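Chain naming follows the written order as A, B, C and D, and within any one chain the residues start at number 1.
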Amino acid sequence: MRTKIQQSVSDTNVKDRTIWLAVPINKISNSFAQAVADIPSGASIMIGGFGGAGGQPTRLMLALRDLGVGDLTIIGNVAGISKTTGYGWPDHLDPIDQGMFFESGQATKITCSFPVPGTTNPLSDIEKAWREGKAEVDIVPQGTLIERIRAAGAGIPAFYTPTGVGTPVAEGKEHRDFDGRTFLLEEALTADFALIRAQKADTRGNLQYIGTSRAFNPAMATAAAITIVEVDEIVEPGGIDPERIGTLSTYVDRIVLRETGDPLP
Amino acid sequence: MRTKIQQSVSDTNVKDRTIWLAVPINKISNSFAQAVADIPSGASIMIGGFGGAGGQPTRLMLALRDLGVGDLTIIGNVAGISKTTGYGWPDHLDPIDQGMFFESGQATKITCSFPVPGTTNPLSDIEKAWREGKAEVDIVPQGTLIERIRAAGAGIPAFYTPTGVGTPVAEGKEHRDFDGRTFLLEEALTADFALIRAQKADTRGNLQYIGTSRAFNPAMATAAAITIVEVDEIVEPGGIDPERIGTLSTYVDRIVLRETGDPLP
Amino acid sequence: MSNSANSLGNDPAPRLDRAAIAKRAARDLIDGSTVNLGIGIPALCADFLPDGVELLYHAENGILGFKELSAPGEGDPNLMDAGGKFPKLVPGMAFFDSVESFALIRGGHIDVTVLGALQVSRNGDLSNWMIPKRGIGSIGGAMDLAANAKKVIIAMEHNVKGNLAKIVNECTFPLTARTCVNEIITDIAAIEIDQENDRMILRETAPGWSFDDVQARTEARLTIDGDVGQMA
Amino acid sequence: MSNSANSLGNDPAPRLDRAAIAKRAARDLIDGSTVNLGIGIPALCADFLPDGVELLYHAENGILGFKELSAPGEGDPNLMDAGGKFPKLVPGMAFFDSVESFALIRGGHIDVTVLGALQVSRNGDLSNWMIPKRGIGSIGGAMDLAANAKKVIIAMEHNVKGNLAKIVNECTFPLTARTCVNEIITDIAAIEIDQENDRMILRETAPGWSFDDVQARTEARLTIDGDVGQMA
């Protein structure tokens, strides 16, 4: 038994359950605004994708920006470099990236692997906020970052990795040798919410991804307390090939459908 | 740079390479016997699948038995219970399982999660060998076993797990608390060879699995020095949907095609 | 195994059969939960779900969302459950490998697991994988499930032959996990383990069984908190 | 950064351009290898593979087996490489998530990575992710690749402006990984790092460049072992 028990399970006695059963399990939110409405100030939020348009939960991000809550900790990967460099966006579109939460002043911290582009002209929103002392930037090697997120979802509190030994990221971390090689101890990384992006969901919450849009999405879905997914299509159970389900419904709490013909990728 | 460098890369200078290029990379073995011919006595061998017929590399196992090498360490999951119980086999077939290496006296050790059925009448081959002192049986919780194998492939020398704390499997292991819960340190588990089973391979070695036949196969493919796969079909690159590749070609060393209409599942 | 219930006379009333134990355990499975059923009595729960309850069944070998079995002789070896049986392909099913399957378990994403037991102690320790005199046993996924599922229900016969108690003060068999069991459904009682207050609460008895009848067949001390209902 | 090459005069001959550096680095990529190319000069290697050499390109974002890019304006955002460009869909390609992508890297399954550098030290330490005066930088997948690929090739310009050396005795910039670099291809030299014998061996120079010319633009001591060839 884990100490943490979902309210929906533990707080439902037999009598309540009879009532509750009359309501079908419905993970589908009516709008992006509704899906993020309960995210409080001070929350930690994983944002899926790799960096670039593909696999980024762009509409959920815009809804979170519009919600206006502050003191957010963002956990991403390549973060906030598209707006000034076009990274991972088709040429004809204006890129939208995680920098929006630093431009708006909502985020006070980011944990990611790639927070700044090669160039400083113009300055990205994250570097600007960092230079002004308005945001903490925690830079983690990409493989360590994704493995820490995976570990959180997989019940692994900590693991050893060879990456980063002898570098600034090793400072203050426990070192240990196995078979004559030195490794660092890295701990699991969780969050209050994960905003992720998939191609397709079934009504239960099974998800299908496409191409390189997987990236950080599947692992983040397992690691956060509440997982919210933005999809291009919702189908009945069976509408996704059982061999192609990339995230199991167990991990998904809310699903929001994008509008048909949304001009944003 | 890892200290271990593949001979094919490091020992090939420009001149040799020119010659080597004339020979196309060919991972396809002509027979099951050929594919296992260089497995020496004393080798450690991962055997994929879950237990039962589906996903088991049955033809490779039979070829290894016929090879006759001894002092083998087998790493499996549910192991050697089908012959006496029918576990995971269609009713009309005589089950074949990992017990064959203990019946033949080739194996002296097995690391697995489920080495004996509930009943001792008749005795399984593994229990018989164990009772006669001819085989060591190392019983590992299934989740720890698969995570140790995954860790070996993923460059993680060790990780902490909650499973097994306070039980016999915790004996002699390092304990550590994270956030008030106690965990065990478990180390990566590798092997000299992995014998695995997939539905389909392309000629490069990308693999597609079907249904519940995945099980231990994908992780074992990443964890052993040499990975040998038994498949029902071989196709050209592109013959597997890029969204359905379950094991990347990088991990696969040898491919053997089963005969059309093979009566064994 | 110390056992105060050894010298008892006849049972006061019939015990529930295996199907009835499973049916009572199934009452505690909440609609929409992700559930893993162990082999034996636990697996029978699937046949007795209350109307309107739909569960997402998980099996260790990498399948979520399976339902009924294929007809005899029609099973596909590549569509197996963890008990070695062959379910039918149904809409919404998902397949995955053992790494993902145990990430789900170990990560605490299984809402409920129903398992069998050899012994359960007063504080919820579970022994279910090895009989000491055999000297060898199979752990399979039991340790991962017992240690990490959000809720652990034990469905078992209350006693072994000769009225020996399986609900004991301390497990004498090798442990599967410590302080993991939340409730026990047997052929004579439904018992809740209140770990915070170190109590084992008798919630229900089989028809015709009293508190004393159950206590006499239980090594661990039972308590009452509110009404004791009748198992049904 | 201490630098003995600061006061040198003109170069004795033209330096190779970025494409020529990439072409020379590409000569060391073995047919059939799994290869990860960093952004900048390393990415150009793909354009200069020797005839008959086919590589399996890996990108951190979860793609193996990509080749040429889509035409401008025709790229699919869901088919990206790690540099943010959009390759074409080609047969044999595979997609996977970041967990698997970095399991492949960290597990030592990348045969060769070609990376850029800010500094490389005599013993193969690499600095390539942050210029100290900026105070912020991006690690991305560089630490995983440098620490874990079987072979690390650096493709870069030999000096920064003013003939400042990038091949140094000790890196003064924040490190990416220690003792990871196997060879360095620059616009004036091809250098092998022989870690076992603690030597930096000059293997080739650009046309018109002597050992002394290269050494004068290199802080770390170079040695010779056999002939010094000409880069081509």
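By definition in this document, a residue touches a chain if its C-beta (ideal position, glycine included) is under 8 Å from a C-beta of that chain, and two chains touch if they have at least 3 such contacts.
On a predicted model such as this, the values are computed, not experimentally measured, just so you know.
**Student:** For chain B and chain D, which third chains touch each of them?
**Tutor:** A
**Student:** For chain B and chain C, what is the smallest step count along a path of chains that touch one another?
**Tutor:** Minimal hop count between chain B and chain C: 1.
**Student:** Where are there more C-beta contacts: A-C or A-D?
**Tutor:** When the contacts at A-C and A-D are counted, A-D has more.
**Student:** Measuring from the mean C-alpha position of chain C to the mean C-alpha position of chain D, what distance in angstrom results?
**Tutor:** Their C-alpha centroids are separated by 58 Å.
**Student:** Between chain A and chain D, what is the gap in Å from one C-alpha centre to the other?
**Tutor:** Chain centroid spacing, chain A to chain D, equals 31 Å.
**Student:** Could you tell me the distance, in whole angstrom, between the mean C-alpha positions of chain A and chain C?
**Tutor:** Result: the chain centres lie 36 Å from each other.
**Student:** Where in chain C do residues touch at least two different other chains?
**Tutor:** If we look for residues of chain C contacting two or more partner chains, we find 95-96, 102, 105-106, 148.
**Student:** Do you know which chain B residues sit against two or more other chains?
**Tutor:** As it turns out, chain B has residues touching two or more other chains at 147, 150, 154-156, 161-162, 209-211, 242-243.
**Student:** Testing understanding: with touching defined as stated, what is the shape of the graph linking the protein chains, line, ring, star, complete or other?
**Tutor:** Basically it's none of the tidy shapes, so other.
**Student:** Among the chains present, which pairs are found to touch?
**Tutor:** A-B, A-C, A-D, B-C, B-D
**Student:** Note which residues of chain D are touching chain B in the complex, please.
**Tutor:** 27, 30-34, 52-53, 56, 58, 64-65, 89-96, 100, 102-109, 111-112, 124, 148-152, 179-182, 195
**Student:** Spell out the part of chain A that touches chain B in their complex, as residue ranges.
**Tutor:** These residues of chain A touch chain B: 3, 147, 151, 154-162, 176, 178-179, 181, 183, 187, 209-211, 242-244.
**Student:** Which positions of chain B touch chain D when the two form their complex?
**Tutor:** 1-2, 4-6, 8-10, 12, 14, 17, 20-21, 25, 150, 152-156, 202, 204, 206, 222, 236-239, 242-243, 245, 248-251
**Student:** Please name which positions on chain A make contact with chain D in the complex.
**Tutor:** Per the stated touch rule, the residues are 50-55, 77-78, 81-82, 85-92, 113-117, 120, 127, 130, 137, 139-144, 146-147, 150, 161-169, 199, 209-219, 246, 265.
**Student:** Once bound in the complex, which stretches of chain C touch chain B?
**Tutor:** 59-63, 72-73, 75-82, 84, 86, 95-99, 101-102, 105-106, 125, 134, 136-144, 147-148, 174-178
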